[in-house]
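Going in written order, the chains are labelled A, B and C, and every chain counts its residues from 1.
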Amino acid sequence: MYQINRRRLLGSSAIALLLNSGTTRAAMVKGGLPWKPGSADPPAAVTPDGWRCFTPQEGRTVEAFVDRLIPPDPETPGGKEAGCAIYIDRQLAGPHGRFEGHYMSGPFQKGTKEQGPQSPVTPAEHYRTALTALDKVCRGKFGKAFAELSDEQKDETIKGLEDGSLKLEGTDGKEFFELIVKDTQKGFLADPVYGGNKDMAGWKMIGFPGTHYDYRDWIDRHNQRVTLPTVSIGMHPNWSQSR
Amino acid sequence: MPSNKPLHPVLLGLALVMPGWCVCAAGINKQDFKQIERGHYLAIVGDCAACHTLPGSGHDFAGGRSIETPFGQLIAPNITPDPQTGIGAWTDAEFVNALTQGRGRNGTRLYPAMPFTYYTKVTREDALAIRAYLNTVPAVYNPVNSNQLPFPLNIRTSMAAWNALFFKPGPFQPVAGKGEEWNRGAYLAEGLGHCGMCHTPKNLLGGDKTSERLQGYALQGWFAPNITNEERRGVGSWSIDDISEYLKTGHNPSSAATGLMSETVGLSTSHMKDEDLKAIAIYLKDQPTRHASAASDPDAAAMKMGAQIYADECSGCHTANGKGISRMFPSLDGSPAVQQHDPTSLLHVVLRGTRSVATDKAPTAPAMPSFGWLLKDDEVAAVVTYIRNSWGNSAPPVSGSEVAKTRKSLVERSD
Amino acid sequence: MARKLARKDAVVIGLGWTGSILSHQLCEAGLDLVAIERGPWCDTATDFPISYAQDELRFRLQHELFLRPAQISVTFRNNAGQQALPVRTWGAFMLGNGAGGAGIHWNGETWRFLPTDFILRTHLTQRYGTSFLPEGMTIQDWGVTYDELEPCYDQFEYLCGTSGQAGNLKGKIQEGGNPFEGPRSRPYPTPPLKQGYGHTLWAEAARQLGYKPFPQPAGNMSQPYTNPLGVTLGPCTYCGFCEWFGCANYSKSSPQTTILPVLTRMGNFEARTECEVTRINLDRSGKWATGVTYVDSSGNEFEQPADLVILCGFQLFNVQLLLLSGIGKPYDPSTGEGQIGRNFTHQTISTALGFFDKDKFNFNPFVAAGAIGMCIDEFNGDNFDHGPLGFVGGGYLGQVQTNGRPLESMKLPPGTPAWGLKWKQALRDNYLSTLNAGAAVHASFYSYRDNYMDLDPTYKDRFGRPLVRLTIDFHENELKMSAWLTDKFAEIVQHMGAREVVKHPRKAPYSITEYQTSHLNGGAIMGENPGNSALNKYLQSWDVPNLFVQGATAFPQNAGYNPTGTVGALAYWSAAAIRSQYLKNPGPLVHA
């Protein structure tokens, strides 16, 4: 005679549940596309209040440096006003500054140029060492820290790093030059949400209208200037006051 | 007993537990598989599973699902044939009584979260078919304490007064001169379909405002829209085919089912027969709205802001002219969903995003991302006011404070 | 101690393009199937929505949609004389992760290989003689022909909604298409994309020089499209954030936009994400797979038994898994023996920049799609006489500029300083009027005895398993080819009216730091017999008959085209063989 065995029913369903979710503990997708309401992971907007990684002296140095890499002109701000130093500071204070996500297991050995970066020194550490060394070498040569030099002296110093003639203690001056140039350019042209490219000055300078997504009305308009307002992820002066 | 086909163990078990219970109650013949199939279909029309099946449990109709009401939580009971925790021990008459009169066993009054106010229209024959079907689903031992309402609402006898005010019992009466299809549609929509449960506005006591039938109701973070034949806010601009396609696939050239309606389409209407969906469409196309659309006078500054937001954030899918992409990105121009007098659903979708329903015939289920992180309250208000009053649309503007209120109430929801 | 789970009919390793195609095909055949994916579930509206998908720093430069090298990486050296070192941050190629795989971040360039590409050794030796091929080149025939694959190419293109202009319909050459392509049975499912100013001008210049330009076949929809599975894609809006980015409006072909909505609704399908397969398990004989072992995100180990194992990871990790699982014999370059790890190839791309007068030319480079562009195929494969040229191989040339993202587009005239006011001015004056197509020359990379993969002796992944080691460099043949093709491309740019053309042909040594497409191939190649291949013509392992290995892992060498079209076609080809032959009678499908 068949009887409903209450306990057996409970037991088998429990095991099924365990095997299907608890035990494998995978994020399982079954039965349709998942949906998480209100889900959004936008970049956290940088606010230009103080430094998170740099000391005040380091901040001054970097501001002075980026303003020579990208000097101001009558139409477009320079690196300092554009927020490049703030951009670099926030990046170094975050996961990028720690090389998070990179393969950082040893052993560390220098390889060929083709084998790419092999140093365990993180960008934050690199900046720290280089900025200290830079001020030291400037004091030695000019009697002042980098930030206090005249524009000509700053340019001379930067050229020295660029061509390798100026050595920095504890790091490679040329490598540091290449790093800060790249970072400054990113600061100038990345989305303003990251602290640089203030008011989208970099984008406006080159004629990039920003984060528009729908150019269907423009693909056929050959050799015509796009007249859309410049917008970014967090900045839409055409409909919003800056945060 | 036939040896090659074992008797259903549940029924046999029932026979053991309740030796006096006669399986052959009037109306149910357990050999009548057509009745069981019909009951299965009607249970889909009635969407019993939406409340009585806990999603992901794998135990159909075993209850346990929390039902949100304006008055508190209820938990849907177990309606599998389990004799102790389900309805296995009930007589057919008790089942029909529960379905159509709102009375449980021993006369306990059911709360109208169980839509007996609608199911009362169901014929006895159909009710018994559903019973016959439910008799055949696996019995699950799952004790449920349904009544989770706060005091004094948890006193069921208070329902007597409520029923006196708002419950009109009695099976569906066909209306002469309306034709067979219309009457079939009416029977389904007003009975098992219980459309008005969500789509008819309620008074403070939770009873239907019958003078505004099917003109929309706000519940659980959404606004179930007006589904009368009103041109702007109802299904007036939809053809019979549009309505049928929407119910069958969750999509039609201009619109997509989402939010709470996703589940209704997914579990119920997408499995219904084409002729039944057509009948419901015919019925809805004949429902009047008793209130005229409110005139709209949107603020010029808001319209300007809204237009810019629309161009930057919305046109990439919904296109510059608001027509969207057929059966993919809903058309905002002419959309009833956009022009409801209560903008809750519209705000919900803009603030939290949403995924449209997937059905076999329309499996893509495109999703709209959430914009609540990007747009401040006045910006949401502007873009929503803009789409409500652009192209051919006209609907009352939305204010920043309305958005703030909706945003706050949605934050507390997990769905 | 691995906990053993309930048996499945099939386990699919990886849920990218091939994982999604195989899962769908086999679930349609009724198999109870689980797909195990190392990365996260990915979804359009929650992971790359229209409000922040277009972020160059986050997605292009900081690689946020991609595998983190910290999770798993590879090591690299140019030759056996060096010690291989880890790729600590991606450069030369970008590796996907998560459901959808590379299908999320690719450009959508959807090509077919030429008929001669599949019989390369036979064809080239017949035409030019065996001694024309350089010493150490190990190209071979595929074991499958273009004609056999044609219906599968068609199937993949119709899955994707590929936008293009047919050039050869059943043998009849069609105006406006690629006159060199193999015959196709029917037109593309959607018409070609619109083209921008630079693309159009380039095509006009090419035409004037006697070439036959045609629009690049695109996995970006020129119009809304519903595929045979019933899944709909929207129209491309030319946003210019395609490759490296997810598409926010469902207009790029990907597993998300073509298969997953249907696949996830199939009752016999289940995906487990954030789980990494660490080993394919074999029975005692070593000739039959019993399933896989994987590790979840909590570090718990599980054994998933299955009757059929489909390896659908990216090429690098497919080879690594075969080596770690002891399947097949590892390749030894000194003896030439062993199949697993040999014939490792990449792609030979190059470009020439065109600097134009900014007052006369405005290219609006930011108005673009992933596979926008006009191309010519006169110099691909063996479409031209190599006799007097002294190299084999070729590629398509195209003005295939896909974006105007500011940092990526920073290409300045020679002599521009790296910083200062002059740099700033050059940036301002050249952005809108520079022709900058990163892979303007998209050419073949043939296989060599000394370009191969094996397991690294020193560096490990987070589970302690050896990383796979890449030994690869350019050979004279490819460098010669690249210089010659780049010259041809530069001619066309010059003819457009450029003020200055700067050629950048590919140069040795191969560098792991410079991005040159993610088209990595080989390591477990397909072929006619187990003596010269790891897989038979159906991508079935010669060594383990209930294991099928998908992807560009199977390519004996790379042709002058983006590989995804061929990867998709082979996936359908393999799936059809499993469904119509293998399932009825599990065992080797080819007896060599």
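Note that in this section contacts are C-beta pairs under 8 Å (C-beta built on N, C-alpha and C of every residue); 3 or more make two chains touch, one makes a residue touch a chain.
Because the structure is predicted, anything quoted here is derived from the model rather than measured.
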Exercise. Please state whether A-C or A-B has more C-beta contact pairs across its interface.
Key: A-C
Quiz item: So which chain ends up in the middle if you average the CA atoms?
Solution: C
Quiz item: So how far apart, in whole Å, are subunit A and subunit B when each is placed at the average of its C-alpha atoms?
Solution: 48
Quiz item: Rounded to the nearest whole Å, what is the centre-to-centre distance of subunit A and subunit C, using the mean of the C-alpha atoms as each centre?
Solution: 28
Quiz item: Of all the residues in subunit A, which ones touch at least 2 other chains?
Solution: 32-33, 35, 39-40, 42, 211-214, 216
Quiz item: Among the residues of subunit C, which ones contact at least 2 other chains?
Solution: 43, 45-46, 49-51, 235, 237, 239, 248-249, 261, 265
Exercise. Return the residues of subunit B touching two or more other chains; collapse runs of consecutive numbers into ranges.
Key: 316, 353, 355, 358, 365, 367, 369-370, 373-374
Quiz prompt | subunit C residues within the subunit A interface of the complex | solution = 3, 5-6, 36, 40-41, 43, 45-47, 49-58, 61-63, 68-70, 73, 76-78, 82-83, 85-89, 91, 99, 194-197, 200, 235, 237-241, 248-249, 260-261, 264-265, 267, 269-275, 296-298, 300, 302, 361-362, 364, 366-367, 404, 406-407, 410, 418-421, 423-424, 427-428, 431-432, 458-460, 509-513
Exercise. Could you please specify the touching residues of subunit B with respect to subunit C in the complex?
Key: 313, 316-317, 325-329, 353, 355, 358, 360-371, 373-374
Exercise. Provide the residue numbers of subunit A that touch subunit B in the complex, in ascending order.
Key: 1-4, 6, 9-10, 13, 16-17, 32-33, 35, 37-40, 42, 211-214, 216-217, 229, 231, 234, 236, 238-240
Quiz item: So in the complex, which bits of subunit C are touching subunit B?
Solution: 43-46, 49-51, 224, 226, 229-235, 237, 239, 248-250, 261-262, 265
Quiz item: Within the complex, which stretch of subunit A touches subunit C?
Solution: 19, 23-36, 39-43, 68-71, 73, 76, 96, 99-105, 107, 109, 111-118, 155, 158, 162, 181, 184-186, 189-191, 194, 202-203, 205-209, 211-216, 218-220, 222-226, 233
